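Below: a set of structures, written as structure tokens.
Shared between the two complexes below is chain A, which has chain B as its partner in the first and chain C in the second.
Up next is the complex of A and B:
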């Protein structure tokens, strides 16, 4: 069917100018299709997103533990949260997700930027290389976790290669319980209530392989975003820079990097929220790790809820996760959707 | 945006970095590509090895002979779950794409007051950690007798797919000229007719992008699969693969072959339709 043909028989009432009907009914007529289309989706999202979050908040302040739902409130209401924040495991989870997010964002953005600049300026094979680097993004985190687990298992993988290079005792990788750069003892005298912190505040070494695997999977995503921005960059910028006598380094520092700054902001937000939610990859690759070295809130919620049946604790942790993600995403959505210009 | 990119291929001279020869960039690219393909090498080699090499300590070795026994064993264990994943992903992808096309059309082409706020409220639904809705979701599915079933899982993927499919189609329809809607309206088309006769025939690329994105998302899902479906025979392949990997009586190369099987559908989609995949990816970021 040709695209812009006149419809055979336009409904007669639609050809009338809308001013002839009363304001209320014409607005209804004008919008009834929109209302009919959007209402079911909005109801679904209202219930399955907002209603369900409200329900989880209610569970988190209830006494519900075990198979029988018990929504009677705890006294005080925040008791479950209070208990949870005092457990070493949840403290370790918050430490881990913070450290993981910082390391992962840094590595993924650096890798993505290097790849994008290399691919963008490649002499040949741009599509091929872009394809190779983006490929991991198409895979499931479970597949990634299963493969990388074996690369970073001390008795196999990377350590076999290190052995070949003459290093007999390679790192313990995902089995390493050590936490490097512990600052908690230094914090204790300064921080009021420092004794509250029961875990070492540093970088759990077992997290580093997970950071590498996550950056492998999402570095290509970062690259693709940078490539789109680089392609959209006006060629005149480069000509102007070279007329002004700027060398390649100065051109990149003063022109390219500032040009990429908005994309970097978007990428950091998107990767940041993925990182705060992380579950699949960590679960498949290492689980909670030695001494909760790789445990994250996503795993904590899952195990408290579906394994230990401590529904209130699981719900409380999930509400904390939601608040962390919302703190990142709500301002982002406000700026990019609500204040967007058409 | 994409059409502009296709019609005006930028003529660029490659940049040379100071202190490097012209080949340094190419060498760096080849080395990085090789590094990126290491996990793929491990998977492929493991899947092709005979049982004598089927242990993780042989993971870097090339196969002494080509042997598909690992793949066969993995297929035997995972084929019901591959089937579940297919039965889940196809209807969920189709329905959520259709819903997204309708929503996206309305939000892009029929402006009304408050539309942006509603759209933003809808979008937040795709960013939430799903952990925060799992318990009420399970209780809801139990109350309508869909808990533990594939139809239940399909419903879940359709509902939580609405924000992303709406976003993809809103972006897609936004780049079609608004004059088309005006012209059709002057011709007397109702909004429904504008959608069905004007927009829908033009939206095939949007559907391809959206379907690929949803296919990949839903196939790769793990959290809904493991929480909504407790019965191992009904679970999708990602959950089954995770169970297989945690089962120490299963040979190492069977697990790797299983990972290969679980990765294959989305990998094929990516290899065959990579162009659309990239477009969906940039459409997936809000702007």
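Up next is the complex of A and C:
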């Protein structure tokens, strides 16, 4: 059919004559404008992002403690890192941020997904519920933190409701120093260096209320992302599925969830890096917690730098945080670059 | 066809690039609004709560009376027990943009600024106002280096006070007096607990609160001379007496409010006022908090020096320094002079709940607690606090907090003193 034929390639005589100058300089001329426009922001990013990352690394291997910058290197260079990884507090911080991230991502995604499916399929009040569930996202973490601290203070908070229901000894919530599922004794013989691990490796129970608070705040954000994808879903998919005899469950499992997978990836990246960098919510809600049960690297950096004036340790901990975030971001960026190329 | 970049765009690019570079290089000049000729003075502090703010306003009012026409910029930063202000101040100091004058503590805290040559020599102010004869020698030494003073102090808080709810102690038939020993205090806890009362108020969400309790217990075990020997490095931190103090601390901890780690120090103090727990070891900034919560001195609450520390006064002193490269140095020096005057110190102490530093300030217009504290201040041995960054370096202070946080859970006295000994060696 003529409609489907491609337009013919232009005749040779219609193409531009080849440039007289060499290929390199013509490319230069062609891109000159974009380079000129991009240069200022490249310089800015170079200095304010990469320059400062480099500076942080440099401070982290220096002797800088106290108010006067002292950038002379420590011997050996990694000494600050070595000391830091041996302190029980930093070990607890790494454990906490890992546990927190895993639990928080799971809970926030599940909550967001369920809410999105409910709101998407609601018969009435869709806009209303979307607003209600998204609202916590508009609050500051500090506000959320303070309120949830009141709720999870054992003798005055949620436990009073439990008491009303007949439970006399409610959970200890954020005051609970226990670590569930400790595997450090199992790891001890495997890991080199003997008594390197000085904390219990497991799930600190005091972290769970923080996970609940964070998921409460960001569940709505996850929902909004899923809702957008659900709205963009072609109606034909549902029709085709029902023609093939798929029930609601099978439809959601085999059609909706795979459709949402790219959104899930984006959401995990976004929440993952927020979670690794978390400071304000934890600081306002629980602080370092009983026996550092809720301490996170963000608090460690703040206290080492500004209270203890150990600039090198503070910088070392932020470099570790940076690497953690990079471990989440880089594969994602790499994948999207590859996809763009194709 | 010529495809040239418009000249103005290249120019703009060059300017932007230059600006970027110069913005990073030009840190040596003081930035900020108001030239050096402007008649204004920036006062930096972390005093934002009701009583603190009122006390700061007294200082400002005193200054304005002597220097009419000068605008005082109150650069107070709230939050984090001064931690947030500390962060802001350090950023400004690193950027060579210091406030004219700022709040700190004597000892190691002011030492950081002196050693970094960030603060001005105040010998002229001390000479002009003959402060050397009016202020206790220890407190002049604690703000000095090589015989030159660098700070002017306004008031002293007492760190080693034990506050108790009188109704609860009476209910349990417990009597706490100045001669109560540490062991008797533990017995009192047992009796309170037997009556179903939470014995020990503790605001464990603030890392300093448990550290404050331990500091006071430690002072009781060492006495003022032992304290000085420990903090100056003549006694090691794994000394038997430190371990003994840790064991006593461990004995008291089970009596603490089970909610402790969810409470800030002021919430814990509120619980004492409302009768939810009986005893709290806390500096006398708690006094203002108790009064604010509606409790009455003598009928609702009482106070004694922390058992074992009678005759010793842990000083937590408010001190102001003047920036070496202050934009308004002359005014800042006048500020230092005004805040050391007897009238201003008295007005300040009334609001802040502290004791005037000067020995010649009449205290009979102050509330009963403060009169008693002033009497102790003028007669007792004065020692510096570790918890508030005076007696030891900020590095050690942080390690002290961390070790205490760890110990509250582990109760392992051996590794506790070991951690402190390691930290003290640097």
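One rule holds for everything that comes next: the second predicted complex is superposed on the first by the 290 of 342 C-alpha atoms of A that agree within 3 Å, B and C clash if a C-alpha of one lies under 4 Å from a C-alpha of the other, contacts with A are read in each partner's own complex, and residues count from 1 in each chain.
The rule is simple: contacts are C-beta pairs under 8 Å (C-beta built on N, C-alpha and C of every residue); 3 or more make two chains touch, one makes a residue touch a chain.
In this text, all values refer to a predicted model and were calculated from it rather than measured experimentally.
> What is the contact status of A:175 with respect to chain B (first) and chain C (second): first, second, both, or neither?
Only chain C; A:175 stays clear of chain B.
> After the superposition on A, what does A:141 contact: first (chain B), second (chain C), both or neither?
first
> Name the chain, either chain B or chain C, that contacts more residues of chain A.
B
> Could you say whether A:289 touches chain B, chain C, both of them, or neither, answering first, second, both or neither?
The second partner, chain C, only.
> Which holds for A:72: it touches chain B only (first), chain C only (second), both, or neither?
So A:72 meets neither chain B nor chain C here.
> According to the stated criteria, A:89 is in contact with first (chain B), second (chain C), both, or neither; which is it?
The second partner, chain C, only.
> Considering only touches as defined above, state whether A:309 meets chain B (first), chain C (second), both or neither.
A:309 contacts chain C only, not chain B.
> So, does A:37 touch the first partner chain B, the second partner chain C, both, or neither?
both
> Who does A:155 touch here: chain B (first), chain C (second), both, or neither?
A:155 sits against chain B and chain C alike.
> With the two structures laid over each other on chain A, which partner does A:322 touch: chain B (first), chain C (second), both, or neither?
first
> Chain A residues touched by both chain B and chain C?
Touching chain B in the first complex and chain C in the second, residues 33, 37, 44, 69, 149, 153, 155-156, 302, 305-306 of chain A appear in both lists.
> For the complex, give me every residue of chain A touching chain B.
1, 3-7, 10-11, 14-15, 31, 33-34, 37-38, 41-42, 44-45, 48-53, 55-56, 59, 69, 114-115, 117-119, 121-125, 129-144, 146-151, 153, 155-157, 160-161, 216, 221, 224-225, 228, 231-232, 235, 247-249, 251-252, 266-267, 270, 273, 276-277, 279-280, 283-284, 297-298, 301-302, 305-306, 311, 314-315, 317-319, 321-322, 325-326, 329-330, 332-334, 336-338, 340
> Give the list of chain B residues in touch with chain A in this complex.
The touching residues are 5, 10-12, 14-18, 22, 25-26, 28-29, 32-33, 36-40, 42-43, 56-57, 59-60, 99, 102-103, 105-107, 110, 112, 116-125, 127-137, 139-140, 159-160, 162-163, 166, 180, 183-184, 187-193, 195, 197-198, 201-202, 216, 219-220, 222-223, 226-227, 238-239, 241-242, 245, 252, 255-256, 259, 262-263, 266-267, 269-271, 274, 277-278, 281-282, 285-287.
> Touching chain C in the complex: which residues of chain A?
Residue positions touching the partner: 29-30, 32-33, 36-37, 39-40, 43-44, 47, 65-69, 87-89, 149, 152-156, 172-175, 177, 206, 286-292, 302-310.
> Quick one: which bits of chain C touch chain A in the complex? Just the residue numbers, please.
3, 5, 9-10, 13, 16-17, 20-21, 24, 83, 86-87, 90, 93-94, 112-113, 115-116, 118, 204-207, 258-263, 394-395, 397-399, 402, 405-406, 408-410
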